[in-house]
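Just below sit the structures, each encoded as structure tokens.
Paired with chain B in one complex and with chain C in the other, chain A is shared by the two complexes that follow.
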Partner chain A sequence: MSVLDLKDLSIDFPTTKGVVHAVSDFSVSIAAGRRVGFIGESGSGKTTTALSAMRMLAAPGFVSKGEIHLHSLDSTNLLGLSDEAMRKVRLRKISYIPQGAMNSLNPVVRIENQIWDGIIAHEGKVAPLELKRRSTEVLANVGLPAHVGELFPHELSGGMKQRVCIAIGVCLTPELIIADEPTSALDVITQRHVMQTLREVQDKIGAGLILIGHDMGLMAQTVDELAVMKLGKLVEFGPVKQILENPTHPYTKDLISSVPLVGGPSFLDSPPADHTNQTATSSSLDTPLFEFENVSKTYGEVTALHPMSFQLDGAVPKIISIVGQSGSGKSTLGSLMLGFNTPSSGKVKFFGKDINRFNSREKLAFHKDVQAVFQDPYACFNPFYRVDHALSFPFKRFGLSKSDAHTRTAMEEACDAVGLDPNLVLQRYPHQLSGGQRQRLIVARALMLSPKLLIADEPVSMVDASLRSTILKNIYDLKEKHDISIVYITHDLATAYHVSDYVMVLFHGQVVEAGPPKAVIGDPQHDYTRLLIDSIPWPDLNRDWGSASTAKAALERLDSMPRDQSAVLRGDIPGFQLESM
Partner chain B sequence: MAFPNKKRHGGSADTSILTKEGPVARIPKGYILNRLTTLLLTILIAATLIWLIPRLSPVDPADIMLGRMSAAGGTVADSEQILATLQERFGLNDPLIVQYLKYIRNVAVFDFGLSTASFPTPVAVLIANALPWTLGLMLISILITFFIGNLLGALMVWDHSPKLVRVAIPTAMVFTSIPPILSGLLLMWLFSANLGWFPLTGSYGLMVEPGWTWEFTQSVLYHGFLPALSIVVVTFGFWALGMRGLMITVQGEDYIKLAEAKGLRPRFILYRYMIRNAILPQITAFALKIGLLIAGQVLVERIFAYNGMGKLLYDAILDQDFPVIQGVSYVIILMTAISVFIVDLIYPLIDPRIRHEAE
Partner chain C sequence: MSTSATQEPQLTKAQQRKMRRFDNPWLNPKLLWGAAILIGIMALGLIGRLLWDTELVFTGSGPLKLPPIGFENLRGQSGITDHPLGTDGAGRDVLSLLIVGAPNSLYVGLLASLIGMSLGIFLGFSAGFVRGRVDDVIRVLSDVMITIPPLLILVVFQSAYGDVNLTMMAVLIAAFVWQSPTRLIRAQVMSMRESGYVQMARLSGASTFHIMFKEMLPNLIPYLFGSFIANVTTSIVTAVGLEVLGLGPQRVPTLGRTIYEAINAGALIQNLWWWWGIPTLFLALMFIALLLINIGLDEVSNPRLRKL
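Coming up: the complex of A and B.
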């Protein structure tokens, strides 16, 4: 039986430049107990559509045409309800699990109070003991211990916060749950755990589920039916199996093929070039480009990185991937390499010199030679300056500019190299560009300085799936065409598999497995690497994603593993040596 | 770059500190000691500056007193000798370091010496007489201002505010750009001179005997109303504008969206989710403002002939009465430092994300 019907829905946003038709003629119905996925890139209208069922469209958006029916109501048309009647529908009938769970909880209110707020708003006065019993129960439903209720949001990890949001969403056993990319900020292991928790709870209460997302793999493993959206229009709708196996719309085909697969065809156009003939030209370097000598990092009593040693020659450019889930120490490693952080012991060396003992001139040269691309493209630009200033400033600062015309040419070349039209982007302000464009500009900015090494820390985790391969291609080209070595820090094993020459898997600040990607990711030996790979949602219904309990058991097994074991080394590559500890 | 914050994951270990124990138990001794040291150091440095700055001036207080005496009594015989006696009595002949140490010792027990203008009244007595008036007027007006200002600032942003509020507020903000003396004069002209609703000057009626009587209290409230109003009118805009900015930021937060999705009543969201978060920086500003307020109140007290610290300071400056200037400045600094100290102590209780450093 259908819970919610969206009929010929159109949503408009009147702006000063005219009316934007965010959604047009959208019809879908969601049955009780069924999971429906809304997939599409950012701006395709999937969140807007779902929010219209909550009547929570951001101003100035409004439903210009169509009907929304919630069948359990006396008068089923949601658009005809008063504000107060609509308020009562929220959470009790339709609940919403937000995208940014990191910031979705009131920072100054305890978790249990935030659950109680929802209960009280719909049921009036409830006895304190009863409230406590119910909050403990819903927390247990999402696999959280009772004491979590007494904590404040900042004391929880991202995965825990997301599960609290699920707990709030199901505390009044709604008929429909709308989950808006509930796992986009989480690493694969946590993602699997959270998604399976959501699926389990939803099954238990028999609610319908709308899952909004852009990851075809996640959809394949989670939903029953899939609605593919593009530019506000429903382009394809049907059972997920049918859509995956026989996509009819070209956009759906694109979405499916844009998911990089371990062992699947590479998304890089150019096959890795053979570098053997180049070695002769530059192998005369005696001192390695970059070196870690027993480097470790501790914060108080917590060890973020256990002692580790490696050498990166730099004679032939390499892409070294560092993979692991959040908190594994991979970002600490990156910040140590950039000199943002000083090691607790050991030495970080650049061309044989300790980077933490550089004088100011050496430091300047170091910062020119070692560039970085960070995770959040929105936070990496000064919003007051146009793009051309952001690009030219470091170029001039490091004394590379011969003249204004020279700077201009360098900027244009860099934009061309990352596939952006310089005439289109250089005169704009950062806020006028998309996340993907900004991230490519950051790559361009790094490229202009012709660095020797680029540290890319989760460079694509915040951009749309369809753009990820483009940006990774840009980064890959830095190695291929510009001879820049790259350290690629990521939690995404599939992309690491395709772009890298060497992979290090980090777990609790320790390398647990390392070697060429075909060996490490294609045929993992260590339990942790296996868990990482098993957690990837595949856009293939024949691959089992496992159940919530297997995911939880796997994590617990890993946590109880002895910490002092040595890494499983899977063979060396020329130009990079990791020393087993 | 997202640096891993390992502490965050240790949530379960911290539970004991954050749940059952009372708020007082949560402030560790080490932290209080640390803050207290900072407080005392601030006061010491401030006291030193207050002592130092007048000594850079070429004016000799003994000379001024002598001048005043001669102005009062025509000529003064043996002026050289009297000057020497006064300089001796004020300790102006001691080496600077001795003067300084004596001063610090005296200041520690609120002994600011004798006023040169109302010789020989001790400065401490003058301050003790003026302080309650100022504290009363100031605390009442700043509390009202803080409350009204923040509430209006919040209502300016809230989606469900009555239309009238949204229109009325910007109009009222015009007052904010008027300096307090003008608003004071305007209020006096309107309510005292024309309508005769309130008295023109003074802190209490001439016919009333000071004491803890209803009659006196009534008179004080009656006389304090206009000065308080003139302060409120010109300063609430500061809080309202600040609050508006903070509310806009908070309004965009994801937790407001989730609160709405939870079907909470709009008013509940306003108080518990929006204002509760937006007010936090305002509380810090409030502590900093307390000291500034006495200074800002100088002219208001002056035009209303209100017997507070502001008027005391104003008169002391006119009379070049150094001991009084020093004493008043010292008290202002003391009040600011103490209120910042208190906010430091209570802040972790109102914002759980902030922890006492010593933990």
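Coming up: the complex of A and C.
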């Protein structure tokens, strides 16, 4: 029996430049106990569609056509309800689990009070003991101990906060749960646990679930039916198995093929050569391009990075991947390499000279040779200037520009090289471009400066899934065609597997496993690497993710892992030398 | 969040016009009205000087206590065209007092605010950018200064110093309006220095000067404008407050000084309402204009305030 029916739904946003049809003629019905995924890139209307069922569209959006029926109501049409009747529907009948749990909980109210708020709003006065019993029960349902109720949000980890949001969402046993990218801010290990928790609690109360997301793998592991959306239209709908194995719409095919698999076919035209059988030859340069000499970083009591030494030759360009979950110290490593951070001990050397002792002229030369691509393509452009500024300013500053016309041609060539039409992107303001376009412009910027080393800190984690492989291809081309060595910092083992020549797995600021990707990721030896790989949601129904209890056991195993064990080294490649501590 | 978004909203002409504000936030009506009133006051000061005899601000240039045109004073005299807004107890022409006095009050406000802002930008950038010791000193200093009531110090200073001129007064007031821009800019700079584009600029080999003034400052402009206008208001309030207490410049006519003299001469009980009323009305207009500009600038820097 279906819980919610959306019939021919169209949602419009009137703007000064005409009406934007955010969603058009969308029909879907959600059955009790079924999980339906809405997948599509940002701006495809998936969140807008789901919010219309809560009647919480952001102004000035409105439902221009169609009906929304919630079948447990006397008059099933949601759009005809009064505001007060609608208030009673929210949370009790349809609940919403927001994207950023960090910002969704009130920081000054205890967790259990936030759960009680919802209960009291719908049931009026409830005895305190009863409230306490129910909040404890609902917390237990999402696998949290009772004492969590007495804590404040800042005392919980990201995964715990997201589970509290799920607990609030299910405390009145709604008929439908809408989860809007509930794990997008979490790392893979926590993501698995949260998603399994959500699945199990939803099974238990028998509610329907709408999961909004853009990750095909996550969908495959979680939902029963999948609705693929593009530009506000439903392009394909069906059981997840059918869509994964036999997609009919080209966009769906794109989405599926954009997820790289460990061990699967490469998305690159010329994947990196297999170095495993080669013996490490001595470096061809006397002084290595980049060197870490016992570098460590501590913030007060916390050790972000344990002493580490490596040498990057740079004679032959390499892609070195650094993988780990959030808090593993991988970004600290990146900022140490860029000189944004000074090491607590040891030396970071560039061509044999300590980068933290450079004078201003040497610093300029260093920055010319060591560039970066950051995670957030939205923040990397100064909103005050046209995007050209970000490309032309360093070009002139490093003395590469011969004339304005030369700068202009260099910019156009760089845009062409990363597959952007210079006429469409140059001379625009940052907010006029999409995230993918901006990130490619940053890659184009790096290309124009032709540095010796590029530090790419999670370059694709904030870009739509369908664009990730294209941008990684651009970055890979920097190495292949332009001889730039790259340090690729990521939490995504699948992409690291494909693009890199060497992989270092970081855990609590320590290298636990390192070597060529085929060995480290293809056949992991260390428990932590194995756990990371097991937690990846595969877009493959035959590879099950396991249940919440296995995810929980994995997290506990992670906590009990010894902190100071030696790294498992899996062979060397020429030109890069990691010294085991 | 709109809960009644079920029926199609009929966009009226007025709504469409309001929507256009999203295109250019600088053209919002509050900002335009505020600017228009302020420019009007300044125009009165400038054009009035050409068309009206400013010598009439001196004592005894006209009959005493004449009402504005169309009114009668207690002695039964009615207003004459030589003094359209009447005269005060010493025979000074009220219109020429406005023409000379209103720009003086604005001048003090603008100059004090300009000095205060410059100090604030300098100190705020230093504190936010350099951090460490410099930040500690500036932060503590501005926090302490915020707790000291400026009027108290100024009253003591002015009464000890005797007569001051307008510029001197502006400088004195400026010493009390630099704290809030300092704090504002410090906070903005501290969050901005971690932003992606500042890091990008550093990677581009940008100098500290370039990062401060080319990358950060342009993005602070709406805040700076807002803070500047708020400071002008504070400065004028402080200046008028001192003048009404009789502690302002003794030789230059200002709006506050006119009110001081009106109160001193018992204008309230003699029903000489034009003497104190018209300058007060002018000050009120000035504050309303500044407030409108401030709200308008708020909408520019914070798009969420732009409601339909």
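Some notes on this structure:
Keep this in mind: the second predicted complex is superposed on the first by the 545 of 581 C-alpha atoms of A that agree within 3 Å, B and C clash if a C-alpha of one lies under 4 Å from a C-alpha of the other, contacts with A are read in each partner's own complex, and residues count from 1 in each chain.
To be clear about the criterion, a contact is a pair of C-beta atoms (placed from the backbone, for glycine too) under 8 Å apart; a residue touches a chain by one contact, two chains touch by 3 or more.
Predicted, not measured: the structure shown is a model, and the values here were computed from it.
Once the complexes are laid over each other on chain A, chain B and chain C cannot both fit and instead clash. Contacts of A:161 after superposition: neither chain B nor chain C is touched. When the two structures are aligned on the shared chain, A:79 is found in touch with chain C, with no touch to chain B.
Contacts of A:192 after superposition: neither chain B nor chain C is touched. Contact comparison for chain A: of chain B and chain C, B touches the greater number of residues.
When both complexes are overlaid on chain A, the residue A:367 reaches chain C alone and has no touch with chain B. In the superposition on chain A, no contact is made by A:526 with either chain B or chain C. In the overlay built on the shared chain, the residue A:479 is in contact with neither chain B nor chain C. Judged by the touch definition given at the top, the superposed model places A:134 against neither chain B nor chain C.
Contacts of A:150 after superposition: chain B is touched, whereas chain C is not reached.
When the shared chain is aligned, no partner comes close enough to touch A:46: not chain B, not chain C. The intersection of chain A residues touching chain B with those touching chain C, taken from the two complexes, comprises 56, 338, 340, 372, 374. Residues of chain A that touch chain B in their complex: 54, 56, 87-92, 95-96, 98-100, 102-109, 117-118, 121-122, 145, 147-148, 150-152, 154-157, 160, 165, 168, 299-300, 302, 304, 326-329, 331-332, 334-335, 338, 340-341, 372, 374-375, 457-458.
Across the complex, chain A is touched by residues 1-4, 6-9, 11-12, 14-15, 18-19, 253-255, 257-266, 268, 272-273, 276-277, 280, 350-353 of chain B. Contact residues of chain C toward chain A in the complex are 1-9, 11, 16, 19-20, 22-23, 195-197, 199-206, 215, 218-219, 308. Chain A makes touch with chain C in their complex at residues 14-16, 55-64, 79-80, 83, 86, 338, 340, 363-364, 367-368, 371-372, 374, 376, 378-385, 390, 393-394, 397-398, 442.
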